[in-house]
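What follows is a pair of complexes built around chain A, which joins chain B in one and chain C in the other.
Moving on to the complex of A and B:
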């Protein structure tokens, strides 16, 4: 869009500045709407009760600054444990989604065999059909396998839930990989497994990262399956833990605000680190090969 | 995004064929884990739910075949039908509000971002923040802000002279569903924004240059060149909105309003109805067979929506080679 053309040049300088100001006004307004609620919660979590109610919009001052909410949360809630649970569930599910998804996508994009198309369609059907609709049977299945109130049950469900999108994106991408490099490896006598692990996997690393970030958000934030499959205190995830903690402490505002902040902050830190990856992943289709 | 990805080099007509290799053991090994996990924990439960929905529970715990009896009860039995149609109607309102507020807003933000303003990256990053947060957190944050107890919303509206407009929206029957929908719009507008932004970026510069040389104004270029080119993406956004509306909306309503969809079922949707039917609550004991029936109804409603879209809309969309 850098091309300077005659029409643009003829347009007045003032007009351009006016347009730019309008664009910024809209974007800035919406950006404030987007982050204001987050800011106000984190801000007030560092105040005492009086500060929260008298001046909700003010920064914490020496008078109103307090970390009593955080103290309550850390004493009462089992948040470290919940964090651990969320981390285990998310990381193991991601690992399985990426590994199984990449293997399946490799098979679908690399080899010709009967049922290839059919299996491909079958595997991505899940994009259209939300896994939650099978909840009734999933719970029964987990009871039969005695996996209720274990993290394993969540990991299995999230893996099944994440596979269709992962396979879809990875297959599309793997079809664009050059064939020569794999054929070279075959001539060199590498087995099909070594070709996958040593040649293909390194080539698809950027896309794997995209799929990982994409699949991570719904797993970390899910409330439905932790509530139904693993609501015991030992297996609660952060999302469920915060939800139930707040249910008990509705009158203790500083504790509620602190627990919300505790749940928000790690996500924001992770986002600050990976936002480039995430956004380039979402807009990946725009970069033409 | 699909069509764009598939336009990449791999699909060029080529004489090289996929290599036919000797055994098929490795193909099975590569496919087995994914197919197994997916079949057992995603497809089988769905099929099993379909089966369960054809049975009715007996007081002694056994189940008898009832055919479509559960569906008939859900649709026509006075007690069930009133809840079912109410939940479905609320879902449709939810969908409608997302279509007229969230997606146009996403389009506007994406169009502005695609002009590559200064700090564009910062705007994009910050506007996407709410999408990352757990629905539970979003629900409580807004509940606090809108609460008359804390008075943040009321105070801010009073500051700009709109104080008289304030009402405890989440608690009023007439406005609760709209309030919940707007919270959901606030959270998820980043997704249509990003998808549309990506589509806008993929429009070749030559095309836009040609339009400018032809003397089209910025607005005309947007309406006559860019918008027709991104119609397929808008279609995908619409269908994602439709599906998400039946699944994701549960989390938000459950966290803000609980499982009964208060006040007086005005925010009751298919997700909360399914949860309540399956697990029961104060006045009703859980019934897995009716729960499965509600789930299957959701499945059919999603299928009908997707089917209508594929037949009625997508076939008419013109895809331009870019």
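Moving on to the complex of A and C:
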């Protein structure tokens, strides 16, 4: 009896360790695959042209080490401007997505009104329709509004692109918020706006962080809309700016890789800041939704 | 301080009506408890008094003023919720001061009120803590403190103690009672809990399916329920119901019993129900008393024992006996029904009025 129990227990423990090892092996493999290109880009950005081509996978050696890529990028005065453009577009779009998305989600989850469900479906329909399908119409619209070659055009498009997912995630989460706390604020005499800003927003912070990261990356990385709507020199974004180093006949690889490395930075910083909230946001959704 | 009047209050959600015309008068300073089965509309009624739910028909009048269109914060009420509903990002002090700060009250006044409420509830050492650093009982105390700070004319409670464990519930119940004695404010309190209702209430309102079944003092409901529903709902374990047949001479027989004289007025009809509470049934030797049956289960709680006695009906009759009774499952016992403790119900469930009121009820 006793021995049977212990063997079973031991087998159980071994099994659990085995499962954990298996899971981690899969995760590690995935991490390696995901990180590999990033590492290659960053490594090669510190090499000279010859180093990049002779041994793309090697670490920079004394012979091949060079920061000429970064020098080119930073001395080419425009790059900082492009970087600024990207930052402005991304931050303003994110702000609008989060603000409008949270407000819409609050209305959908909090108030009973006619067509509530229909409006909800309408607002999140965009998840299924890629916004690029509407490029021609968007371009026409921007031309009519004389917004071509302005950052505003990009901000508007990205806000529209990010809203459906944001509204979807936030609505689901807000439905799980306690009704009592909002009612309590009403009894305390807060207006509906102040209930949103002072009671609801602090409660959804972790989910807002998740939505922010998810929405930011496609905006930061987008090449399509900057190319079509804002390709003038004053409004170029980083992804577009990188293209100047890619000529028809020659490509300045050191510069391309250096600018890409710099472009990755904000995303990394954002992850570092939000990773904890991000994880709690994702699991909150997973457990409750 | 204010009285509260509900006049034919109705509530519809879409097309379904869930409150079907409730009339109620709550006197100034009175402690009224709403009880009823789940889904009967207790919370909805309370939320309508608070102004959190629109009134579909009828009037809510507080302190003589019609309140139907007045916002919650202007009704002079404060509400305590089941889930505490504390603001998680504010400390205890901030939670309690929030409404007053929002109303633009003077800082010194806010501080004085918060400290006084904290003193009443023993919260001073916790003022700087966040809600998540508090136990359930402490959180509920903060929620009550937040209500006290607003100095309302009426307190509304929606099952405030149901998230607490049994021991804390007893403690908080006493605290709420003392709070009422001290503040003498009108209070409306929703609960599922028999004991809370009986011990706290000046008057209990029994609701079923959006209608008031009976309003009365706890003892009135216990001794003189108006119908079978109230009789079964008040008291724990619930009242035993037995099918009774009138013998044509003002008495009834139950199963094979001798005719029983029930001291009620004008009992008519032939599908009658006899009711007796478990604590009123007396045990006798088999063959003596009103009925005889076999013990199915004996639940021994130490101080008292619940005997489930099979009389041949679908449901056994429950007897609340002394903790020292020796009867075991399988044994036969005699049951005696003292006439004064009997209730008789007609075919519609209506109770026939007792000839004499119980001694404790004026």
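Convention: the second predicted complex is superposed on the first by the 205 of 289 C-alpha atoms of A that agree within 3 Å, B and C clash if a C-alpha of one lies under 4 Å from a C-alpha of the other, contacts with A are read in each partner's own complex, and residues count from 1 in each chain.
Assume a contact is a pair of C-beta atoms (placed from the backbone, for glycine too) under 8 Å apart; a residue touches a chain by one contact, two chains touch by 3 or more.
This structure is a prediction, so every number in the text was calculated from the model and none was measured.
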item	value
Touching partner for A:104 - first (chain B), second (chain C), both, neither	first
Partner chain in contact with A:199 - chain B first, chain C second, else both or neither	second
Touched partner set for A:271, first chain B, second chain C, both or neither	first
Touched partner set for A:223, first chain B, second chain C, both or neither	first
Contacts of A:151 with chain B and chain C, given as first, second, both or neither	neither
Partner chain in contact with A:207 - chain B first, chain C second, else both or neither	neither
When both partners are placed on the shared chain, which of chain B and chain C touches more of chain A	B
Chain B versus chain C as contact partner of A:119, first or second or both or neither	first
Touched partner set for A:183, first chain B, second chain C, both or neither	both
Doubly contacted residues of chain A, that is, touched by chain B and again by chain C	183, 186
Interfacial residue positions of chain C with respect to chain A in the complex	47, 50-52, 71-74, 77-79, 81-89, 98-99, 102-103, 150
Sites on chain A touched by chain C in the complex	178, 180-181, 183-190, 194, 199, 202-203
Parts of chain B lying in touch with chain A, wherever the complex brings them together	1-2, 4-11, 16-21, 24, 26-27, 29-31, 33-35, 37-38, 40-49, 52, 105, 108-109, 112-113, 115-120, 122-138, 140-142, 144-145, 150-152, 155-156, 186, 190, 194-195, 197-199, 201-202, 205, 208-209, 212-213, 215, 218, 243, 246-247, 250-251, 254-255, 271, 274, 278, 288, 291-292, 295-296, 298-299, 302, 306
Complex contact set, residues of chain A against chain B	1, 3, 5-8, 19-20, 23-24, 26-28, 30-31, 33-35, 37-38, 40-41, 52-53, 56-57, 96, 99-101, 103-104, 106-108, 110-113, 119, 122-123, 125-126, 128-138, 140-141, 156-157, 159-161, 163-164, 167, 172-173, 175-177, 179, 183, 186, 191-193, 196, 217, 220-224, 238-240, 242-243, 246, 253, 256-257, 260, 263-264, 267-268, 271, 275, 278-279, 282-286, 288-289
